[in-house]
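What follows is a group of structures, each given as structure tokens.
Here come two complexes built around chain A, the first alongside chain B, the second alongside chain C.
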Partner chain A sequence: MNFRTTFSIILIFLGILVALLPEQDNHAGHLKPRTLANFIGNTDMFITVDQVARMVLDEDSTMLLIDVRTPEAYRNMNIPGSVNIPLQQILNPDYEGYLNQPNTKNIFYSNGDMFALEAWMLATRVGYVNNFVMGGGLNEWYQTIMLSEFSGDQISPKENATFELRYKARKFFNQMNSLPDSLKTGFLLAKKSKERELVGGCE
Partner chain B sequence: MGPILIHSDASTWINLLTGFLIGIGFGFALEQAGFSSSRKLAGMFYGYDTTVLKVFFTAAIVAMIGSQLLKFFGLIDMDLVFVNHYYPYAAITGGVIMGAGFVMGGFCPGTGISAFSIGKMDALVFLIGGFVGAFLFAETFPLIQKLYMAGYKGPVKLSESLGVSDGVFIFLVIIVALVMFWLAEKAEVKFKRPDITSEL
Partner chain C sequence: MVKKYGFLVAFILLVTLMVLLRPRLSTGYVMDATDILNQLNAEEIFVSMEALDPSGADALFVLNFTGTVASGLPEFQNTVFMDRDDIITRKVRNIVRDTGLVKVIVSDNLAEAIQSWMLIRQLGGRPLYILDKVNSLADSVWRDNEVLRYSFKPDSTVFKQGRNTP
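Take a look at the complex of A and B:
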């Protein structure tokens, strides 16, 4: 068999091999299971509702509140300043512009902890950084912020500050949630940052 | 070394040094394949010497098969490999101009540098022409910007637009390459010219 025939047979064999190879999920940013397990063990992923209330009232631009409930639940009631990315859409490339920002804290919340934690897991797994969960979710927000009451004769300065914070947050929450939908959706678009693009070639 | 996953933490100078060594290897391979000869390069268009087709098609196939195997073994992240952005009208226009220049000059930019490095004066003139062309492009860009940007499609891969997986597409390219190699052999026999390189 001459060189040309041998070469052609080897090439065809390699071509068939490559055509039959299964798809592999190798992405530089994605965390391997063991790395993810270590990360979970060594990181503090929870943020209290008081901390979130402070960030909302200060209009802290270094954080992004993400409501992982359904769009209907979000429209019904949400924490002012949050965007709605339903849990099933967390990995949708359209939302990468919101989530894949190294300088912004992604704070996930849902009614309780479960769905927010699932969203945290997914976002951390694909390599997004600075992910947090609002501990207790909207249930805790309701109990702590909305039903916050002072009782007793004396109040310490620290308690006074906390009470004031919760009072302002409650007021702001009620105000924003009574706005019409059109004003709320404009907010969503303003929050989306330019996605990071792969740079190279002649661009 | 960006897409090579096991080296993703290598320092900048290691990446640059690797690029430098690969560049040396590439130039060495070009020269050894005889691509410093403008007769050999122009022969691709006249049909009497199809070395260019064979070498570059083989290089493309090695790169494609190699990257797929590396991807399979988890050593490369194909998302980090830059895919050229597709400007159809600019690509066609530029291709026509480059093809004409290639046949007339007997060089393309890479082989021109390879030929210049072994002292060929026609390669130097060709490269100067290339720089002048690039300068003129930059200076006249506002006039041709519309043509340049027309029909922009983004970073498109052929396998995606054909709706097949990368592996299947590579197999199809291999089949096309083998057919082209066979046709190239036929063309070399048909358009044969006497070899004058030994007389020069």
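Take a look at the complex of A and C:
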């Protein structure tokens, strides 16, 4: 076998090897596009503002409420209990500890739906699970929770429960956003202490 | 000589072709998640009806998710009616990766439009836009979706109540 034949065989072998090698995978752990496509138009990812209000009031530890707006907008006003991870920082490894918790629901919110949906897509693509979006964002929160009023002669028990939930959430939202940061922790501790007294618990 | 090595040359050409075509046939992401995140700020996502010119639309391709020609929308010559499963088909992939075509997503659902834009963009589709306000009943354009329509006024009485009266 002469040199040219040997060289050709080696070339063919290398060519086949390159062709058969898996593509360079820069996206290990990422959701496949086909899987991501299956989520498009799926409404299961949305959580209503009433559900969020309930979780906030219950201090639901299985929920992580994530405000993806700018730090300035977050400081101005936010849903109590939320953390601020701006959209541009959503893939920052520093926040992976927050976002990559299999037993915690990541609920993204922004002023509307758009930024929260973008955060949802990115978080889902990189493999974080249990991602949700608060439907309608803060605009919907204001419309439903902050401005809710009952009008009518009679109120059903279900309506009453919903209205009470919204009233409590509105009050809590107003209180927490009206206090300076330095007083928030003390306020929460006092609130918990008072709640324990009301249910007859002991210190 | 040619007869002797013809088979080998053909085989080498075939393998080379396979290697070159592999990225083209790929169904994987073209953009990193970080890249698409950076593009979100840099690119205009929405395009208005007025900005589209159906008459000179050879280079315009409409990806229609509504299932029908949306009311008030002119019929574009290059339209493909599709749903989410079609995004990753070879036909659509070849369309979206053609940088000579301006692709416009038409949907009556903001979430569907945003998610489709994000996915198609990550699969290499550009230039890519979402047609704004397809639904004439919508009270605002989608590009204003992130505008906060309310303002918060702190309640000064909360502070005065003191720390022990939540």
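The rule is short, and it goes like this: the second predicted complex is superposed on the first by the 148 of 203 C-alpha atoms of A that agree within 3 Å, B and C clash if a C-alpha of one lies under 4 Å from a C-alpha of the other, contacts with A are read in each partner's own complex, and residues count from 1 in each chain.
The rule is simple: a contact is a pair of C-beta atoms (placed from the backbone, for glycine too) under 8 Å apart; a residue touches a chain by one contact, two chains touch by 3 or more.
Computed from a prediction, not measured in an experiment: that's the story for all the values here.
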Partner chain(s) touched by A:N38 [first = chain B, second = chain C, both, neither]: second
Touched partner set for A:I16, first chain B, second chain C, both or neither: both
Which superposed partner A:R125 touches (first chain B, second chain C, both, neither): second
Chain B versus chain C as contact partner of A:L91, first or second or both or neither: second
First (chain B), second (chain C), both or neither touched by A:N177: second
Touching partner for A:N139 - first (chain B), second (chain C), both, neither: second
First (chain B), second (chain C), both or neither touched by A:G112: second
A:S8 touches, of chain B and chain C: first, second, both or neither? both
Greater chain A contact set [chain C / chain B]: C
Contact residues common to both interfaces of chain A (with chain B and with chain C): 4, 8, 11-12, 15-16, 18-19, 23, 26-27
Chain C partner contacts - residues on chain A that touch it in the complex: 4-5, 8-9, 11-12, 15-16, 18-19, 23, 26-27, 30, 32-34, 36-41, 43, 46, 73, 76-77, 87-88, 90-91, 110-115, 117-118, 121-122, 125-126, 133, 137-139, 142, 146, 174-175, 177-180, 183, 186-187, 190-191, 194
Touch list for chain B against partner chain A, complex: 3, 5, 8, 61, 64-65, 68-69, 71-72, 74-80, 82, 84-85, 165, 167-168, 170-171, 174-175, 177-178, 181
Chain A residues touching chain B - in the complex, by the definition given at the top: 4, 8, 11-12, 14-16, 18-24, 26-28, 198, 200-201, 203
Residue numbers on chain C that touch chain A, as the complex places them: 5, 8, 11-12, 15-16, 18-19, 22-23, 26-29, 32-34, 36-37, 40-41, 65, 83-85, 87-88, 109-112, 114-116, 118-119, 122-123, 142, 145-150, 152, 154-156, 158-159, 163-166
